[in-house]
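Both complexes below contain chain A, partnered by chain B and then by chain C.
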Partner chain A sequence: MLAEIGLIACLFAFVASLYAILASVYGERFAHSEAMVLSGRNAVYLTFVLMTIATGGLQIALMTEQYQLTYVWSVSSPSMPTFFRATALWGSQAGSLLFWSYLITVFAAAATFLNWKSQRRLMPYAIAYMMAVAAFFIGLSLFIENPFERWWVLPSGEVVASAFIPAGAVAPAARQLAESANGLNPLLRHFGMAIHPPMLYLGFIGFVIPFAFAMSALASGDLSSNWIKVSRRWTLVAWLFLSLGLLLGGRWAYDVLGWGGYWGWDPVENAAFLPWLIGTAYLHSVMIQEKRGMLKTWNMFLVIGTFSTVIFATFATRSGLVDSVHSFARSGIGFPMFLFWFLLTIVSVWLILWRRSRGELKDEHRVSGIFSRESLFVLNNFVFVALFVAVFWGSFGAPIVSELFMNTNITLGADYFLRVTPPLFILMYILMGIAPVSAWGISAVGRLGVSLLIPLALTVLSLGLFVLGGMTDAGALLGYGIVLLSGWVVVYETFRGVQARRKARNESPLRALAALATRSPRRYGGYMVHLGIAVIGLGVIGSTLFQQETQRTLAVGQSLQIGGYEMRYDGLLANQVAEDGRLMDIAQIVLLRDGAEVAHLRPRRDFFPESSGMNSMTIAGAHSTLENDFYVLLVNWETVSANSATFKVYINPLINLIWWGSFILIAGTLLAGYPRETLPARVREKLQLAREGART
Partner chain B sequence: MTHKILKLAHLCVVLMMVVGVGSTIYAQDGSTRVVTEDQVNNIAKILYCPVCENITLDTCGTAACADWRYEIRLQLESGSTEAQIIEDFVRRFGDRVVGTPLDPTLRALSLLTPWIIIAAALVGGALMLAKKKRTPAPEIAAASAASNRYQDLFEQDVANS
Partner chain C sequence: MAEMSWEKPTASTAPKSFGGERIKFVVGGLLLLGAVVYLMISGTIGGAQYFITVDQLVTSPEYAGQTVRISGAVDGDTIVYDGENLIIDFTIANIPLETTDLALTLHNAVNDPSATRLNVHIEGEVKPDLLQHEAQAILTGTLGADGTFNATELLLKCPSRYEESIPEQANAETGV
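For the complex of A and B:
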């Protein structure tokens, strides 16, 4: 029954999304019928409701163990805990595509509801673009990767998967299906997987809204700042989710994948990083258009490029274009997705060039001095795009070109990325340090230098502490210096703001800080994001350049020394059975520092007897401090016994700064996206004075 | 004379045997050279599993990868250097087992192409900016200034109302 409900809801959602496109465009452009446009708008809401029913149906099928559905059978099993049964919705291709389509309709409905009145002129076109994307993905769920297919036994005894009942077929015995159910991929049985994919999807899909508004501006000819106002905030929302998705993915890799790192430069990781890079460039350059009326064409390219990259990344991940541990299984969605991506990009670029050729995307000002804020933002955009080029080439370009034209299969790994990207990241941090103290219009070098004096002094002071702490590596000190400067600049700028308010209004430092943040959330939210990126940078440098690693086989009672720690192996708890039926080999480790016990760690190997394919996991034991992480793995290819076991141990210096920096970044993004009053500051101040005058 | 020749031949044989035994002892020393797991991993982390998806040999848990790690150990024990072992793997499995190809053409293609694209974009951008600087100031700026004046007047009205 659930399968029928889901299938029918999905089908109607597909029809409703097509209707929304036709009614909106025809009603606005040709019939000039308000009723038809309204009907198109209502179709958006209807699509959302129908997709809620379809996705809800699949979720209920997972929770109630309806193993006749092939999707439920392939990603769950009777022994799986309820929590993982819920997250299995995005555990494989068909379910995650349905969930993806559902999220598009959520965003489309929310954007329509929130912007209908304020962006009435743009909305019919925006609806058309949003629903075109929704229709495409719902179509994929319906016609190629249908999660509502069921197992059937044909009269010949053959078992087939079909969404409809084949003639004379009967359903297989429920008990037999339950016993043979696959269960979720062990790698996905982690708390992080409950949040990481939805965050990533929200980030990816969120970019559909800025894209739709940019396209609607191009299509309608309303190229005023309206689309910019809407798209900036929605871009920030998408960027926040994508950042969260990337960071949670890093944490999941660190906890579960068992290689002591958080970023492997894997093509699928990079595919998620690419839209982040372009989206970040857009978030900066959009400010230039708002403040100076410049870079109009460029901003169009960036916002459309971001969504085009999202679709390409989805295609690369889900079509089997690249080999990756993260990839979905190869399926038939590759060609339609490629075609969709190609058409979307071609149509968008053509629209931009057409409007540009009509002179409708002319800049209102020119770039003035090289050290003006707009110049530095242009440079910043260049760095982000250059990073995009380097990462795209390494992940997709080189492997595809070598295979197509040189008949050679290559995969560029961390070695390539660590050679090509560091100069660009250094440039990015330098710009992050200089841009906040520059001014719009013309900025004198001398003034810029004076503004940087105190942050520079603080940086030198900090580096002095590093040297006193024993650091002598010149390259690392240079890296730390550049990152620290970018952090100190925003701290000092905020301090100056607080001091100015305290002087003018005699406020306490905290009150002044709060007032600054609420009056200029974009500026101080942005500063916080910069600070978060600087803190992350410190963690990346520390954990990359100074990571220590060793692998040793220890007998019970034996110890090894690394990074000032002593690790003692105290024994093994073999074949422990967990609630979900998994078998665990747990090593008992005592960690000592200066002879004193600091932690008891339990690195373990989990084995999932019911799972086919990948059926084991290595879970690290970690002891975290401000200084470093002691991270130990029970090596999964060596035998373990009550007598001895092999361990791989990592010391990851400053790695926790990456996670703490992430919190600052998220908080900053939330602050930057906080709605502020729409009246200009001068008007607000006058209104305040008027109110005060009225009171007296 | 014959005796002397025989003695000389005997000496030569003995010398050859000594040298031979010596070299055998030397080779045996090489083959029993102690190789640590860290030395194996230092090379295994540079090499990617030829059959898995983007996983380096030091972290890959499959039986095939365990065999390849053992092979690295054997090669280290027999005196091969890191470069020799990597070259051997590339010769057998192709350039996909290393993070950056060793083949000069592929290596240049991999490492230089992004910089060439970036440089071309930089030159293109600079030329465009230079061209913009040569053209007169856009009229739209004046229009914008006018609209700013209207905005100021509007704000004053709002404030006065």
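For the complex of A and C:
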């Protein structure tokens, strides 16, 4: 029953999304019929409702263990706890594609609801583009990766998977289905995995809204700053989710994959990083367009490039194009996705060039002064695009080019990325240090130097602390210094703002800070994001350059020393049974520092007796402090006597700054996107004009 | 292509009085561009790894001593793991680089006595959970003079029957 409901809802959603496109475009452009445009808008809501039913249907089927659905059968089993039953919705290709389409309709409905009044002129075309993307993905679910297929037993005794009942077929016996069900891939049974994919999907899909508004501006000819205003905020939403997705993915890898790291330059990780890079470039250069009316064509390329990258990354990840631990199984969606990506990119680029050739994307100012804020922003964009090109080439460009034109298969390993990206990241941090104190228009080098004096002094002081702490590596100190400067600049700028308000209005520091944040959330939110990135940078430098590792076999009661810690092995608890049926071998570790106990750690190995394929995982034990993480893996032990066990130990300096920095980053993004900004007078005027224009 | 689009408007709209500034921008931009291109080219040359089959590695002498990536099917019976010293040894069987049904390819390769086999040796690595019979191993390393592949990096994929197969038990019982 659920399968039929889901399938029918999915089919109707497909039809409704196509109708929304037709009604919006035809009603706006040709029929000039308000009623038709409105009915197109309502079709967006209908698509959302129908997809809620379809996705809800699959979710209920998972929760109520309808193993006749092949999808439910392949990702869950009777012994699985409820929580992972729920998250199995995105545990494999078909379900995650449906979920993905659903999220598109969520975003489309939200954008239509929130922006209908303020962006009436842009909406019909924006709807057309959002629904085109939705229709494509719903179509994939319907025709290629159908999550509502069920097992059927043919009269011949053969078992087949089909969305419809084959002639004369009967459903297999429920008990047998339940017994043979696969269960979710053990590696995915982790809290991080429960949130990481949805965050990443929200981040990816969120970029459909800025894309649709940009395309709508190009198609409708309303190239005022309207589309910039809407798309900036939606980009911020998507950017926040994408950042969260990347950070959670790193955390999950660190906790579950057991290699002591969080980022491996794997093609699929890079695929998620690429839209982040180009989206970040856009978030910066959009400010130049708002303030100075410059870089209009460039911004179009960035916003469309971001979404084009999202689709390409999805294609690369889901089609089996690249070899990676993350890849989904090879499936038939590769070619349609490639075609969709290609068409979308071609049409977008063509539209930009067409409007540009008509002189409608002309800049109102030109860049003047090498140290003006505009130039620094342009340089910022250069850095992000260069990073984008370098990472793209390393992950996809080189393998594809070598296969197509050189008849070999070349891949670039982590060495390539560790060589190419650090100089660009250094340049990025230098810019983060200078740009916030630069001025629009022409800015004098001297004045810039003066405003950097105090942050520089603070940087030197903090570097002194590093040296006192035993850091002597000159290169690392330089790296820390550049990153610290970028952090101190925004802290000092905020401090100056607070001081100015205190002097002028005699406010308490906290009150002044709160007033600043609400008065200019974009500026101070942006500063906070910079601070977060600086804190993350410290963590990355520390954990990359100064990781220590060792491995040792210890008898019960024996200890090992590393990085000022003493680790004592106290014995093994074998074959502990967990709630979901997994068997755990847990080592008991006591961690001491200067003779005093600081933590009890329980590194363990989980074994899933019922799973085929990947059926075990290594969970690290970790003791976290601001200074470092003590990270220990249980890698081998004597199963019978448990007298001795082998451990692999990592000391990861400053790694926690990565997670702490990410909290600052999230808070900053929320502040920057907080919907109560004061627009510059120029933009307000234009908005007003546009609204009047829409009414007449 | 991307860099051009912001260079162009500034260049074409700048009036003559800004000629000096313009040259600075153009020269600075070209220098930066050159630096990035240099980084990418040198990174590519230094980091390039040929992804080849076991057959190609064994038959072509030009790959000896060079860092390459290979892919093969793991024979589960051959896995020897020294957990105290973290040394892993196993044998892989040749598989083609491109395949449509990975699970079937791996299964056939392992059970084909005529498929080329290669001994793999890895030091300092914890035995990965995915290192199992009929898993696909993607290895980075060099072929030693003794014919053993010394790997520095190991990536594993298990095309578990999640997506492809049918409920065998149900099949068997209803077939009776």
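Please note the rule applied: the second predicted complex is superposed on the first by the 668 of 696 C-alpha atoms of A that agree within 3 Å, B and C clash if a C-alpha of one lies under 4 Å from a C-alpha of the other, contacts with A are read in each partner's own complex, and residues count from 1 in each chain.
By definition in this document, a residue touches a chain if its C-beta (ideal position, glycine included) is under 8 Å from a C-beta of that chain, and two chains touch if they have at least 3 such contacts.
Computed from a predicted model, the values in this text were never measured in an experiment.
Chemist: Clash or fit: how do chain B and chain C relate after the overlay on chain A?
Modeler: Chain B/chain C on chain A - steric clash.
Chemist: Is A:Val75 touching anything from chain B or chain C once the two structures are fitted on A? First, second, both or neither.
Modeler: Second partner only, chain C.
Chemist: Check whether A:Ser616 is in contact with chain B, with chain C, with both or with neither, and answer first, second, both or neither.
Modeler: So A:Ser616 meets both chain B and chain C here.
Chemist: Just to be sure I read the superposition right, which of the two partners does A:Asn185 touch: chain B = first, chain C = second, or both, or neither?
Modeler: second
Chemist: Quick check on the superposed pair: does A:Val401 touch chain B, chain C, both, or neither? Answer first, second, both or neither.
Modeler: After superposition on chain A, A:Val401 lies in contact with chain B alone.
Chemist: Looking at A:Val159 after the superposition, I want to know if it touches chain B, chain C, both of them or none. Which is it: first, second, both, neither?
Modeler: Second partner only.
Chemist: Counting only touches as set out at the top, which of chain B and chain C does A:Thr553 meet: first, second, both, neither?
Modeler: both
Chemist: Please name the chain, chain B or chain C, that touches the greater number of residues in chain A.
Modeler: C
Chemist: Contact-wise, after the overlay, does A:Gln93 reach chain B, chain C, both or neither (first, second, both, neither)?
Modeler: Second partner only.
Chemist: Touch test for A:Leu177: chain B only (first), chain C only (second), both, or neither?
Modeler: In the superposed model, A:Leu177 contacts chain C only, not chain B.
Chemist: Between chain B (first) and chain C (second), which does A:Gly305 come into contact with in this model arrangement: first, second, both, or neither?
Modeler: second
Chemist: Of the listed stretches 58-66, 76-84 or 148-156, mark the one in chain B with C-alpha atoms clashing against chain C.
Modeler: The answer is stretch 58-66.
Chemist: For chain A, which residues belong to both interfaces, chain B and chain C?
Modeler: Residues common to the chain A contacts of chain C and of chain B are 258, 323-325, 327, 362-363, 366-367, 382, 385-386, 389-390, 393-394, 398, 408-413, 415-416, 419-420, 551, 553, 616, 618, 636-637, 646, 648, listed in rising order.
Chemist: Flag every residue of chain A that touches chain C in the complex, lowest number first.
Modeler: 73-75, 92-93, 151, 153, 157-161, 172-173, 176-177, 179-182, 185, 258, 294-295, 297-298, 301, 305, 323-325, 327, 329-331, 362-363, 366-370, 375, 378-379, 381-382, 385-386, 389-390, 393-394, 398-399, 408-413, 415-417, 419-420, 423-424, 551, 553, 612-618, 633, 635-637, 646, 648
Chemist: Give every residue of chain A touching chain B within the complex, in rising order.
Modeler: 257-259, 264, 266-267, 293, 323-325, 327, 362-367, 382, 385-386, 389-390, 393-394, 397-398, 401-402, 406, 408-416, 419-420, 549-553, 616, 618, 636-637, 646, 648, 679-680, 682-683, 686-687, 690
Chemist: Considering the complex alone, what residue numbers of chain C touch chain A?
Modeler: By the definition above, chain C touches chain A via 2-3, 5-6, 9-10, 13-14, 18, 21, 24-25, 28-29, 32, 35-36, 39-40, 42-44, 46-52, 69, 71, 81, 83-84, 86, 97, 100, 102, 124, 126-127, 129-130, 132, 138, 140, 153, 155-164, 166-171, 173-175.
Chemist: Give every residue of chain B touching chain A within the complex, in rising order.
Modeler: So the residues of chain B touching chain A come out as 37-38, 41, 46, 48, 52-56, 58-59, 61-63, 65-66, 94-96, 98-101, 103, 105-106, 109-111, 113-115, 117-118, 121-122, 125, 129, 132-133, 137-138, 140-141, 143-144, 155, 158-159.
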